[in-house]
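Here the chain labels run A, B, C, D, E and F in written order, and each chain numbers its own residues starting at 1.
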Amino acid sequence: MTASTTPPISRFSVPEIATLPDDIRARIQEVQDKAGFVPNVFLALARRPEEFRAFFAYHDALMLKDGGLSKGEREMIVVATSAANQCHYCVIAHGAILRIYEKKPLIADQVAVNHRKADISPRQRAMLDFALKVALRAHEIEDADYARLREAGFSDEDAWDIAAIAAFFAMSNRLANMSSMRPNDEFYLMGRLPKKP
Amino acid sequence: MTASTTPPISRFSVPEIATLPDDIRARIQEVQDKAGFVPNVFLALARRPEEFRAFFAYHDALMLKDGGLSKGEREMIVVATSAANQCHYCVIAHGAILRIYEKKPLIADQVAVNHRKADISPRQRAMLDFALKVALRAHEIEDADYARLREAGFSDEDAWDIAAIAAFFAMSNRLANMSSMRPNDEFYLMGRLPKKP
Amino acid sequence: MTASTTPPISRFSVPEIATLPDDIRARIQEVQDKAGFVPNVFLALARRPEEFRAFFAYHDALMLKDGGLSKGEREMIVVATSAANQCHYCVIAHGAILRIYEKKPLIADQVAVNHRKADISPRQRAMLDFALKVALRAHEIEDADYARLREAGFSDEDAWDIAAIAAFFAMSNRLANMSSMRPNDEFYLMGRLPKKP
Amino acid sequence: MTASTTPPISRFSVPEIATLPDDIRARIQEVQDKAGFVPNVFLALARRPEEFRAFFAYHDALMLKDGGLSKGEREMIVVATSAANQCHYCVIAHGAILRIYEKKPLIADQVAVNHRKADISPRQRAMLDFALKVALRAHEIEDADYARLREAGFSDEDAWDIAAIAAFFAMSNRLANMSSMRPNDEFYLMGRLPKKP
Amino acid sequence: MTASTTPPISRFSVPEIATLPDDIRARIQEVQDKAGFVPNVFLALARRPEEFRAFFAYHDALMLKDGGLSKGEREMIVVATSAANQCHYCVIAHGAILRIYEKKPLIADQVAVNHRKADISPRQRAMLDFALKVALRAHEIEDADYARLREAGFSDEDAWDIAAIAAFFAMSNRLANMSSMRPNDEFYLMGRLPKKP
Amino acid sequence: MTASTTPPISRFSVPEIATLPDDIRARIQEVQDKAGFVPNVFLALARRPEEFRAFFAYHDALMLKDGGLSKGEREMIVVATSAANQCHYCVIAHGAILRIYEKKPLIADQVAVNHRKADISPRQRAMLDFALKVALRAHEIEDADYARLREAGFSDEDAWDIAAIAAFFAMSNRLANMSSMRPNDEFYLMGRLPKKP
């Protein structure tokens, strides 16, 4: 269970997994068992256990909950806003997850480059317009933005979800960019090929 | 223990405190005992208990920890970056805390309007330049930015603290702006008058 | 009658009041009698008597005249546009005057941070939207902007007033920023406390 | 002594010259005698006599005074900053004056389109860089900007002149843009042809 | 047949005309015969014959073809978008051609400074709005932009023409700016005076 | 030899290949023989044969020539600048070509999201910094930019190549965005897998 060390996965020091608190080690083990490798964000943030715990608790509260947005739609928000923030880690890692959830090998690249041209529904277009406004100029959000979401079929709780995901990744993108967090090589190809039978 | 209801403290529904989970009620009680009132952020976020817990765990991990930055300096970062994001709640609430920690009644308004003209040290100026770059164009952060921090006397752990606080409030500002979170009236005057003997 | 000299009130030299032309000395005496102190803008601009006279003649023509805008509304325009221009002197000095005219201790901070969230009327919102467009992208002003003002109840003369105040402070903000003009400490607290009986 | 009425010279009403106060009428007569026509700015601003007087007093204090900047250099500042603000009236009218003062028929168009490529001296390039910073982001002006001016041979008084002219036309450009002030047709060709003997 | 050498017409070397391939020499001879001088763009690009040929073939395909746009309207697009890109060569050279085609000595300066204030038809205003969106934020072009063109009377082929001209000069402006391509002095005055009988 | 018709490859009509002029049909046949499919740009531009010929003549002159830049480096410029312009077609199609030329499956995604974090040499970093300045603010290019290129080992001819490629794709990106040109599905996966033996 080691990360490739050339080039480094972070500008900051990365702890040995064996030295980590039990709960963090367990979380890392769990994701490795599921994904087959340890996504670098777990290693890069583990140097600050309190922050690690809060980060993933927040992430899970927003990304794993039930609600009006599908898991794929949540990942679309991550990819679109992270591309606007030019964040390597989040575009590439969450691009992989988006492809897998949506079972669409083209969707992540489309959303990352220009969501206006992506193969998405009008509802998803309205969702990403709102998410990008939260990401880039939240101070201008007004009643009209909420009205457009309702016209597209979103409830108030959905609106909170969209905004909160965009806000959480506003934080996450900045953490990844300031630390030069490197996405694992494995992410680049995930979800691009038909699943083996 | 009620919040003023006109105008509303959030665009979203705000739960009755009596209906909240015990730990959240306890946290709110604790802050009320200390501050004499309940800051609206606690009420506005309580509608989503999981997110509430993660938000404040993260906040405390960054703002209450020991380290190379004084508590006042941490609040300076919050005020400067929240002003850049035009966030009512964070500029006004954390402006109050900044005045109190620094015992300087002018500092918050100065940092909010233009940190380049504020009565701060060269070290604090370097800190805020870095924080604002994380807030506004983190994708351009490079070695030279870290070099400038080191020249100003900051360690690598300090650099992480500065960046992580700016990143956390990038999230917080967006949550407050999307929900039209209203700062309590009490904050506006706090720390502006000499403390009564 | 001296201003605090630490830190300096301007990057440029500030003349002794005794050395100033009579009319300028009289004007300064008048404002001191009224306010109880000499706002630094009078001292900072006095080094150029011709410019001083034109500046305050223009200021008075726009800010003291009768018309469709209340004095408080004029100050709102100053605070909103000066915050957009990150001008210490004008946000803090005119914020004080705004609080006093409107008898609202919260209004100046609200307008400075984000006028979209301030406790103002729809009419005042339309006024500030127009003023900020004059401040930030006057080259894009068109018929539709004037139509919106008329819908909000403003006459053509009101429109000129709004635009001219925003334009005058576009100048004033730049003078204050280029000279690092420092607002007097007195302004920060003015209008924040109930008036003594 | 009439202005062409199609298209209008201002979005606002323009007074009959005969109805104007004596001093304003005299000023207009004076400029007409000198230029051979009445520049529209005099007509467009005359509807507000107090503002007219302050505007031209300020203008003359900055543009007609002696000092380290030549009259042509002052007009260069006007043209460069007015082009950045996309102001018809000031680019075209002051472009004419610049050509005449500098006796260079190409200079105004060059400075208006991109001052970096204009046939100007390194000293003038430093002057325009500073003026454009005052025009576009005065809140970022710092010691280093003043140091560059001094290296280029400018005194502190020159620095004030450059900044004050850029600031005054920040106002003037906004007034012209909000009122759709139209430059006189005569300006377009002035200074482009060799003077008749 | 030489170009003025002070100041240089390009940051890059300019070949002797005698050394050029026959077809390029012929093209240059042709334009000289027609215009009375060799526009510098022909000399500046001739150093790369393959690129020269493709550049002018593309230019001619867009600018000389028949279609719904008049030749003057095509030049309006060039002047408006080149001014937005701050390109000396294209604003000044194509400004001359625009004046000549439209027989309007004021039009080029008006369009260059701010097309919103120019003496153009509503149809031409819609055309330039679209062209400037292609020039500055083509990634945001959507159905609504095409709908506005149709309302203004443009066909789909006209829309392509407008966009393609804006796109071609996006390239051309960048080539001129990177090479500091200098417009010939002759262009500045062309089309400003009534044609001699 | 057909393009997928759902969704369409362009907002504009696409001609039947059989109806095209011989030289264009031959060019399309040639690329199909080489790539195994017809890239949509050939079909989308074929509706205007003159423009098609000039476009590909220009493209080939810049991208297929010998010189100081490797073919992979040329494609890096395309991907970096096209991502800045949010152009689906060019990021995805040229991303594929970049992966193939460089034999690096990760490079295109890295360069597209944030070239500052990509696995490239310092020389290539300097190349992309210059190319992005040409793409985004060519009017600010100055001697210092050329000096940095020379320090990184680039000749003057290399500088022209970098700038000309960035300029050509400034045009190409706008054409693709205005026409909603769709990249072929085949491009997404090309160069991501080890070549079969």
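By our rule, a residue touches a chain if its C-beta (ideal position, glycine included) is under 8 Å from a C-beta of that chain, and two chains touch if they have at least 3 such contacts.
Here the structure is a predicted model, which is why all the values come from computation and not from measurement.
Asker: Note down the smallest number of touching-chain steps it takes to go from chain D to chain E.
Answerer: 1
Asker: Mind listing the chains that sit against chain B and also against chain F?
Answerer: Both chain B and chain F are touched by A, D, going by the contact rule given at the top.
Asker: Quick check on the contact network: minimum steps from chain C to chain F?
Answerer: Steps on the shortest route: 2.
Asker: Quote the value, from 0 to 180 degrees and to the nearest 5, of the angle by which the CA atoms of chain A must be rotated to coincide with those of chain C.
Answerer: 120
Asker: Looking at CA centres, what chain is most distant from chain C?
Answerer: Centroid comparison gives F as the farthest chain from chain C.
Asker: Among B-F, B-C or A-C, where does the D-E interface recur, judging by over half of the contact pairs matching in residue number?
Answerer: Duplicate interface of D-E: B-C.
Asker: Take the average of all CA coordinates in chain E, do the same for chain F, and state the distance between these two points in whole angstrom.
Answerer: Roughly 24 Å, centre to centre.
Asker: Centroid of chain D to centroid of chain F, CA atoms only: how many Å?
Answerer: 45
Asker: Taking each chain's centre as its mean C-alpha position, how far apart are chain A and chain F in Å?
Answerer: Measuring from centre to centre gives 28 Å for this pair.
Asker: Mark out which residues of chain D touch at least two other chains, giving numbers and ranges.
Answerer: If we look for residues of chain D contacting two or more partner chains, we find 86-87, 114, 139, 177.
Asker: Which word fits the touch map of the chains here: line, ring, star, complete or other?
Answerer: Topology of the interface graph: other, matching no listed pattern.
Asker: Name the touching chain pairs, would you?
Answerer: A-B, A-C, A-E, A-F, B-C, B-D, B-F, C-D, C-E, D-E, D-F, E-F
Asker: So in the complex, which bits of chain C are touching chain D?
Answerer: Interface residues on the chain C side: 11-13, 48, 50-51, 53-55, 57-58, 60-62, 65, 85-87, 134-135, 138-139, 141, 146, 156, 160, 163-164, 166-168, 170-175, 177-179.
Asker: For a test of understanding, state which residues of chain B touch chain D in their complex under the given definition.
Answerer: For chain B paired with chain D, touching residues are 114, 116.
Asker: Enumerate the contact residues on chain E facing chain A in the complex.
Answerer: Counting only chain E, the residues touching chain A are 139-140, 142.
Asker: Which stretch or stretches of chain D touch chain E in the complex?
Answerer: 7, 83, 86-88, 91-92, 105-106, 109-110, 112-114, 117, 119, 177, 180, 182, 185, 188-189, 192-193
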